[in-house]
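One chain, chain A, links the two complexes that follow: it is found with chain B in the first and with chain C in the second.
Take a look at the complex of A and B:
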């Protein structure tokens, strides 16, 4: 069973699709049970290319479509009118590459701010200090304006009172009710994707782990998968099992942490403290098997650094089992607490139809009836270790998201425990591989926030020409803005926490 | 001024300066312990105050004299409340009636509300609007609860509260009801759960705190001390109502009883802060109406009894 090669190891099919046919083609593909995994651009000697990655949700495969733009062409017909989930991807392409999606319904900058010089396209050109000093003629960003008697705006952030990431929230309110929310990100751009095309593949893992540090393990696994998929080799099953166990531990720790965060936003101190203690315990187990509470520096392509010994794995598995028991007695503090339920019920509702349009992923999607889980779709062998289900609810409110996350945290502890118990230490050399020319490598992982994709494309010299990371939050941010509408201003923090999105993962 | 009055004033000064900060320290430490955290030391509020006083204030250029003077005005109002009410179990050095107390509390609220709007920030305006909304419930509750007590003691002077001798044969539920109403009003006034999360850093959920966001340095120190004083005085008044029900007359017994009851209320606040979930903004009237109903019933009972 476990010797069966993963769908990602056989060469990723690359297909050239004329740009004029792309919109119709994607529309057909999406109605045939495929998902738009990501949409991005890259430069080639003959002009820019639009890259679409399709995930076959029924058969568990990935395909990459490449659409060549004519030389010097700086625009194409926007896909968003037919394919709403392309909305942010196209805004990003516009920002980073200067390729304009014509006919995009809401084209404005996504991550490039007013203070930057005009005509700055970070991925399409070499960004030098001289360029950054250029005079700034950029048109000011225009927030959507809600008009009417008594409507006022509340700007929040980008600097917040808590120790959280920077993001600007512009609320248009009528009294206490949110009429519209516009979210502005892009305050943590670090040039991650640019850096990944400029370094040796063995150094990449340090960069990808920092893409979104609360998802360090999932990013490292997706990166390892992508390199292995590109090189056409597979890591030994024990190493894959250990990697998946790390991803599950990360999932459990983050969900438990956010359940505590939900308690905190409810002002429920007892619950907040109980979950915080439990999160610490899970991170302690992570440290036990990897030497790092956030599991950095051990998950590498083809191998695993500092492989834990068998007794250590067994001990960790037992402690995870203990943790699960504690979690089961802690969850009712929140989910069987009638006043907490009353606050969460019907708040921040994300309708199923809208969730489908936005291409929602992860727990937020599963709370709105989107039954999509990478672990199920790609039938990873290590997940056959036990019977387990992904929760699927339809209410789409804060309560549904809290329930989904509580169930997933419990399942994650179970899975991690069973997987770790069956890990036998193996040594796999971090063998030197040559990356093949003109190929694609894909890593796809169900991170705790949902589908995380790493896409590597090499050029004719076998050099990485494009490294694209699609964080799950990228799909879900719009949903948060929409779900907040019609709720009270004082309920927004709770709604926000139930989604628990990443700022840095969206802004590479 | 007689020696006894001077002694009384000195004693009151010490109690009004030390007790509030001590109570806030106890409340915070206790809340932390209940949540399995170590928490700050009990004397931390004193250090905080000293630290804030040493710091310089940064004041927005958009603000006018209202913002600058509001902390002093509202603190003065609360200091006067502390001088005219027998909150500490002994007679107040200055005579004042309940109308004066309500007026002083409203003055403090208005000063802070105006200052919040003076900053021109969205949070300030939002906080002031929320605070005024709640005051619709809190002010009548306080008027009626104190009126009920006044009816029982037979005059409007609040010092009557500290002389239970005038009460003949129990209060027939008037005082416990008034105490409950006043306690609920105090919960709103002092930003306690389930009305407002006192430890939150989320501006969007704040009510009273949102008005104070722009303050720093010495002015913030005044406001911190004021909120501690507010908590102590209001809990002290609740304690007087309960002590009268128990007909404790001896001044020393009353003083000890008051301290004990205030401590009990602080412990209760710490427990409620830990266990309760903050109410939905739209559900707050459902809770606050209880305060109004209790105080109204207390008044009616007192009037019938008289």
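Take a look at the complex of A and C:
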């Protein structure tokens, strides 16, 4: 039996680090087995604060560093030149708080588009109707320009050709080959984090489920963990096991769906149909134990709503096992198919060294040799139920990502099946949680796309002052832009699908 | 590879037989109002107290005491579980799309969205759909599922197209935040007349939990005028297909529908 999951140990250690020392400090920490989980900001009575969350990837643990800015300071020295992972986080801080990271190599808007009024910094101020009516003189977004003989631009989006989320891709091409790709997101910025600091705590779980609604279960689990770690309480082990089973079912369903998507982008209809049917089976099992195909509305802090009875869990476990057999006979349609392999091999390569610099997470990271899996690092007890491995490949191409995802889907079905078989329904009251003042709560989950973090910070009244969600996609978008270089424009959809990133999780 | 292929070829017919069936019993479905009287006049407020999306309003005037807006409902299952009298109960019908936004608002006595009259039948046998996603990727997945072999919407003459130029209907999922207002309008403007607008899912219908904020994510209705409204969070593929069939004026959309 392993120790208690470290992420849930409360209180989460908070440490004040002077802003002038932050850059050097983070550099040392990152070379010491830590990764930058997230970087964000927060208001305090004495001025803004820069918040860094460090994940200890060797021993499993989370720390939060708080750097106070002087009272009226609206800038600080950018961390990105030394810490490339901070790149998008700092753009977000600039957008949401109006705090400028000075010396940032490419400071542009990330989520607040030029359609918004001037001086709107949604998390730094109370947004009034008068402010929303203000004129908009924001400078238009400027894409990087690639110059040279014969270079031309192909703008794609925000509305894409397929049934997929909106975002803008600006390709600079030479002939059919992509020389550069710039990705502009923010089209589905819905104000999730602002909502989370202004709603009743019972509504929060529903807001987080909608943050990236294809990752509803993992978001609900991260939320429950964050609230629990803040309040210093734990849900009973059976409930934690059931939650993890839900996260694994979600993982299986989404990877299977995307394997079908890869077939589709290869022009391989039969494969696409086979995976789609299988995904339907997995969603049917999700529906069986939660009443919802996307497992919404059941995973809550401290408790679990409508806990499935023992026979239902057993039946679901058996069906998952059946499903695993079908998956095993379906995967070769794609991965032992010479024409499919020919298309995927060597395409959209993400090198290991770059993957490390950008802090890639999840299957995309594991396809480029980044051996980081939240489930392994934080050693949740329910994952000791069987022997299992996370795949780790080095090629970093579409094929490697497809292989990793196929293996993870299979393992997820196994894990979910074993966990469900040992769930015994318990009743745990959903008692109202008192939140302590000036504290932090963290939830960290290996969602199907990778490391998902929820950070909650309370103010001196014990009220949620900041709720930050770091979707796994946030780390991986830059990788997609880099991986696309040197490939044919017409191969981009396939490359994109192999990453399968979330637009809404990033835009929030 | 060979065994895999054989296994695939041996596979049974996958497409589901009955069209627009009720959801499985295990699914919590959407809430509906029954004829069983509400006891709000005795002080009960259980359903509305636990509804985080303000989908339920209670009043003590005359007999219609509960009003339930399916266009705001998250399908969380709280009210259907907690109502002591069974006034609010789970409904698993998938024929839930309507032509008027107000028809998603149920009041006591009107227990399901009424069927529409005066069909526009120009798309009776073929509907080409352009889908625009605006921030609810679960709905995207369910729209995708409509075309898989299980649901196979193409057998009704439904196709999805990449170009709004070819489209008869614009199907929209998600709450339509500010940065998507213009792209959505532009997509609509690119479509030839006649053209239909369909809001898929509670977020598209009302903005859901994001409504009223600085991002103006208040649903499709604030940008375009939908002809069809589909509730659900996310809507089940059958519910989406029902919305599309209703847009076509397809007889299947009306069979078995409870009369208003």
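The working rule: the second predicted complex is superposed on the first by the 501 of 508 C-alpha atoms of A that agree within 3 Å, B and C clash if a C-alpha of one lies under 4 Å from a C-alpha of the other, contacts with A are read in each partner's own complex, and residues count from 1 in each chain.
The definition used in the following text is that a contact is a pair of C-beta atoms (placed from the backbone, for glycine too) under 8 Å apart; a residue touches a chain by one contact, two chains touch by 3 or more.
Please read all numbers here as calculations on a predicted model, not as lab measurements.
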| item | value |
| --- | --- |
| First, second, both or neither for A:395, with chain B first and chain C second | neither |
| Which of chain B and chain C A:446 touches, first, second, both or neither | neither |
| Dominant toucher of chain A (residue count), chain B or chain C | C |
| Which of chain B and chain C A:195 touches, first, second, both or neither | second |
| Partner chain in contact with A:489 - chain B first, chain C second, else both or neither | first |
| Which superposed partner A:273 touches (first chain B, second chain C, both, neither) | both |
| Contacts of A:153 with chain B and chain C, given as first, second, both or neither | first |
| Partner chain(s) touched by A:265 [first = chain B, second = chain C, both, neither] | first |
| Touched partner set for A:503, first chain B, second chain C, both or neither | second |
| Touched partner set for A:339, first chain B, second chain C, both or neither | first |
| Shared chain A surface residues [contacts with chain B and with chain C] | 161-162, 270, 273-274, 277, 337 |
| List of chain B residues in touch with chain A within their complex | 31, 34-37, 122-123, 125-126, 193-194, 196-197, 199-205, 273-282 |
| Touching residues (chain side chain C, partner chain A) in the complex | 1, 3-5, 7-8, 11, 14, 24, 26-28, 50, 52-53, 74-78, 81, 131-145, 148-150, 160, 162-163, 174-175, 177-184, 187, 203, 208-210, 213-217, 233-234, 236 |
| Partner chain C, residues of chain A touching it in the complex | 113, 115-116, 120, 122, 127, 132, 158-159, 161-166, 186-192, 194-195, 199-200, 202-203, 206-207, 210, 212-214, 216, 257, 270, 273-274, 276-277, 279-280, 284, 287-288, 291-294, 296-297, 305-306, 329-333, 336-337, 502-504, 507 |
| In the complex with chain B, residue positions of chain A that touch it | 152-156, 161-162, 176, 265-270, 272-274, 277, 337, 339-340, 342-343, 488-493 |
